[in-house]
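Chains here go by letter, A, B, C and D, matching the order in which they are written, and residues are numbered from 1 within each.
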Amino acid sequence: MADTQRVAIVGGTGYAGAELLRLLAGHPEAEVVAVTSRGDAGTPVAEAYPQLRGVIDLEFSVPEAATFADCDVVFFATPHAAAMHDVPALLAAGKRVIDLSADFRLRDPALWARWYGVAHACPELIERAVYGLPELNRKAIAGADLVACPGCYPTAVVLGFKPLIDAGLVDVSTLVADAKTGVSGAGKSLKPGFLFAEMNESFKAYGVDGHRHLPEIRQVLGDLARGDVGLTFVPHLVPMIRGIHATLYAQLADRVDLQAVFERAYADEPFVDVLDAGATPETRHVRASNMCRIAVHRPGDGDTAVVLSVIDNLVKGAAGQAVQCFNLMIGAPETRALAAPGPLP
Amino acid sequence: MADTQRVAIVGGTGYAGAELLRLLAGHPEAEVVAVTSRGDAGTPVAEAYPQLRGVIDLEFSVPEAATFADCDVVFFATPHAAAMHDVPALLAAGKRVIDLSADFRLRDPALWARWYGVAHACPELIERAVYGLPELNRKAIAGADLVACPGCYPTAVVLGFKPLIDAGLVDVSTLVADAKTGVSGAGKSLKPGFLFAEMNESFKAYGVDGHRHLPEIRQVLGDLARGDVGLTFVPHLVPMIRGIHATLYAQLADRVDLQAVFERAYADEPFVDVLDAGATPETRHVRASNMCRIAVHRPGDGDTAVVLSVIDNLVKGAAGQAVQCFNLMIGAPETRALAAPGPLP
Amino acid sequence: MADTQRVAIVGGTGYAGAELLRLLAGHPEAEVVAVTSRGDAGTPVAEAYPQLRGVIDLEFSVPEAATFADCDVVFFATPHAAAMHDVPALLAAGKRVIDLSADFRLRDPALWARWYGVAHACPELIERAVYGLPELNRKAIAGADLVACPGCYPTAVVLGFKPLIDAGLVDVSTLVADAKTGVSGAGKSLKPGFLFAEMNESFKAYGVDGHRHLPEIRQVLGDLARGDVGLTFVPHLVPMIRGIHATLYAQLADRVDLQAVFERAYADEPFVDVLDAGATPETRHVRASNMCRIAVHRPGDGDTAVVLSVIDNLVKGAAGQAVQCFNLMIGAPETRALAAPGPLP
Amino acid sequence: MADTQRVAIVGGTGYAGAELLRLLAGHPEAEVVAVTSRGDAGTPVAEAYPQLRGVIDLEFSVPEAATFADCDVVFFATPHAAAMHDVPALLAAGKRVIDLSADFRLRDPALWARWYGVAHACPELIERAVYGLPELNRKAIAGADLVACPGCYPTAVVLGFKPLIDAGLVDVSTLVADAKTGVSGAGKSLKPGFLFAEMNESFKAYGVDGHRHLPEIRQVLGDLARGDVGLTFVPHLVPMIRGIHATLYAQLADRVDLQAVFERAYADEPFVDVLDAGATPETRHVRASNMCRIAVHRPGDGDTAVVLSVIDNLVKGAAGQAVQCFNLMIGAPETRALAAPGPLP
């Protein structure tokens, strides 16, 4: 068993923070010693998240140096452009940082500034950050002191396209990712469009002309393809809380047994499950779980590959992936605290 | 004002039948004289559909010749492979028929038999049927005595692709239609997958390897393109009752002002509303209404056109379109009984 | 036909305002000439409510004297404590006012101030206001120039208890109203509790220790009972947009045929529908409709009467009731613009 | 640590069975060796419940003597009137049985027959069964070989009323239990009313004139009150999958500090959480968890006590309660495999 780590969560009032608390509550090598929230300092965590009554006995605290003094690992579950202000001091103090926000995902600070509307506060650290997708970077994550966890859409889309691109099977200039998400990815944002009365019994696309996850996906797929990729990415909002379903389309350059390609690609991955030929994953099959379930189809035996990839945006798309990285970093089994199946129905 | 028509609805217990009753209840030139249902004969219609208490004072009756003797127009809101058995006699008796089912949509009876699993009962009548999409066939519908109303997916997909294909702007060999539907399109089918406990808080694709609406869409798009089209069609089930959202992808052969193309194409259509540039339609914007609302985008000013097309599957995708055809057939204004906006939220 | 009325809607951006627009769009004797919203002045109404594209061709305007100068009737669909500031001048100018907010519902200004947290701006007008429940006050409404439309809960609860109290059948000291509502009653309030992610797949009570509709219900039931009533009122929030279901419990003082009592009480009411014995109403049976559907039960032939009363909170509980009052006030048929059945499913 | 038990689940295709599998998958002293289903024998369990892929590696088997030969404990998650046929032989063979169905809940076989429509198959065993509500019968459960787990409604209602009745504080002749449930309590029944299209955006009461859980609740409350109780029980269906919210009303005979009464009553219970004064529980606060959360109110400081009691119907109302009983029976800590908090949102 790895040494127990003293852990802090910055920005614990959001959904990713709550999910981190749920997962870490069952982690034998993690002791959560601080959960910060400027706005709610002094409030018991279990008042904000009554499901944690009797489980988490902490109050939200102010995020300041003293809070983190005796921590080993700090998770950031903050909105973008927050972590980058605190990370330099934490690294300097020898802490390891797992950032669930967008601050260290893009390698190009200019590109980051364009999409996030503000200059990056510590561009010199970006290169030090390891992109926290274990299926790509397992070894680097284990040795990292700064991990940039992927966005939820990128996780679902990249895991879906990866075997096709790795095997050189598709035309990477005309990729299409039609993605659908539950609303919890937006966090607790008080925007009219996220009200129940505006969302139930309705479905819509958004961000068609540009979504912040687009450059991230392009960067990662471009790495896989060793060159630029042409990707059309259209996100949609589903009247549900959790879950992402990415439907991916690619023109096949070659006719091979796609099922075998996918099964081989993910044979050893604990959190990628390739379904049997012909199956279709449902987002509830991964609810509250760290699994990504994938099916690959070639409709009508034609030239188009269709990949269906589902994750829980708050788990494999956020908190679960962060715990998976944490496990790698501390030398614990990769599935620690992540093995329990989710409830269904 | 056109003459009042005596109208019968065959298969009135389904959702399309109920929606027909709602719409025709407000139609000054339609008098519903019979609503048939073998299984529920003798039951008041308003017992099955309590929203119609005080509005419809009929009982379900058995569909037999006497029932239709003094009708002018017969609507079929039956499952597939039912109308084809009754239509020949009705046409012979001088009735006009509006079929909401699939029986007369495909021109090729062999293709029909392959997708619907049974031989067609009256292949000789297929050619006589007019495909009931007013935006394609307005004039022919007006003179028809047998109208085959389109499926719900084909309506949303065809209206979305039509301006692009008509103008010769896209490569028709790599079209993608990623479509999402509420569950009412499946009617009241007692299948486990349609239970609330199986559907809420979940999203999935289905029929990836073949859906009955695929050959119908291909036939209509092929007519527009004057040749075969290559179409990948993936339907998905959204946890909502009503609404279809089709997200359409096409590779542009030419760079023109797509917004202008769409606005021009539908300038005179009463039930196709092209949104302003940059907008995104939501299915609730057309709930309980006969409108199709469409937006066209070219993300990143690239080579891919993205069209978003929404309808209410039970109205423009079924009962409303049938009434629109009915209006054309009897010489009433095309918007009769279809002009009321739907409730929102 | 009554003379066409020039109508203004104050506070048109909320859900009740939108529903008023939908209903009045089909009203032959109402011409909506102004829809006001301080925050959205200049914005097309149809931009806020895309379902009204092509139906309402107005922009939101600023609520000022000139706006109302040539109006006959002004509807207030504002939050509480707004109408009371504008109503005196409008009445002085000879306009008739229909207030959907709470400002003129309670007869006691001190009680009003206690529940709404601010002194009433024109207590002298309260007595002039007629409580706009046609089933109680039909005649007075017809002659009124200031109508205070009831709250949504009071409408459902009062219509359910009325026949029992009128007939002196129940102990009015131990009434229980367990009420459940969809979220649209809260309007577009940007509160965390109304987010989809906080509401879906959950159910809760709220306001157990006091809800603003409690004194209103007590006042009206007290009028019926000619004395104080003891009422326990517990509202609950259902994960749905529209609909109120009130489950009412009363101890019977007498054993009579409750079904007959209810049928007789509402025999002539166009918008109260007493279901057959044994039936249970569902909120979807009144969705988008002005009907109140009621069933009365006596479980186990015991001493407790159970009344189930459902309405659409935005229609019979708000905009529809306002239009019903409007019809009475202008001498139009009471059901004008309110007769269309709602869509189901 | 208690000895590992070899466990079988009869009727594993339903939701309670699936939830048992989820909970027992994390139970160190339970080894599930058989999951039976006549209809699905031979099918992998994980095909029916894809969330269990990689977790449960069993196929459904036929329920026959050989299946149970080497089991220690058999759980029945069958519909009513099934377990009673198999239990006698199992007890005779020395197995211990935990029945989640209704077969051994009512002490009076004639009453049972009246509500379940069939004669009881082994009335002689009813007395041997211990009612599996640990908060009532902890000690007896520990020593039992046949446990009859309570229904979901009875669990929520009894835990809510118990402190009031135990303390003799209320008039037990006029109790009201207004209960609301998600649909999963009905299992996977293929009835039209449970379809998504019939349930979403709607709310209704059902079983007003008699529900099978009524005699069960009466029996247990009668035991507590040492005499007959008068209870009006009205269940309602909420458009959600999981959760029960019972709103309980009782006339107070005495004015004491109800909050203190409840806190004292449940001070030592691991799975009953009395909220702070003034709070209101939400069903999502107990989702996928074995907790019952309770709040007690006295609105307006009047004579009516209002108790709000929430559980997850599939956990504390079914599978979780069964595991809690199992823990007591085998001498494991009562919270074993039940301590993990549920996901929220």
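Quick note on the criterion: a residue touches a chain if its C-beta (ideal position, glycine included) is under 8 Å from a C-beta of that chain, and two chains touch if they have at least 3 such contacts.
Protein identities per chain, from UniProt: A, B, C, D = N-acetyl-gamma-glutamyl-phosphate reductase.
It should be emphasised that the depicted structure is a prediction, and the values quoted were computed from it without experimental measurement.
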item	value
Intersection of the contact lists for chain A and chain C	B, D
Comparison of B-D and A-D by number of C-beta pairs in contact, larger one	A-D
Interchain centroid distance [CA atoms averaged], chain C/chain D, Å	39
Gap in Å, rounded to a whole number, between the CA centres of chain D and chain A	36
Centre distance in Å when chain B and chain D are each reduced to the mean of their C-alpha atoms	46
Shared-contact residues (touching 2 or more other chains) in chain D	15, 182, 184, 197-198, 200-201, 239-242, 281-282, 284, 287, 345
Chain contact graph, described as a line, ring, star, complete graph or other shape	complete
Chain C residues touching chain D - in the complex, by the definition given at the top	174, 176, 178, 180, 182, 197-198, 200-206, 208-210, 230, 232-234, 236, 238-243, 245, 247, 249, 251, 278, 280-284, 287, 297, 299-300, 302-304, 306, 308, 345
Footprint of chain A on chain D - complex, ascending	15, 18-19, 22, 25-26, 49-55, 184, 200-201, 241-242, 273, 275, 281-282, 284-289, 291, 293, 314, 339-345
Complex contact set, residues of chain D against chain B	15, 182-184, 186, 188, 190-192, 194-201, 239-241
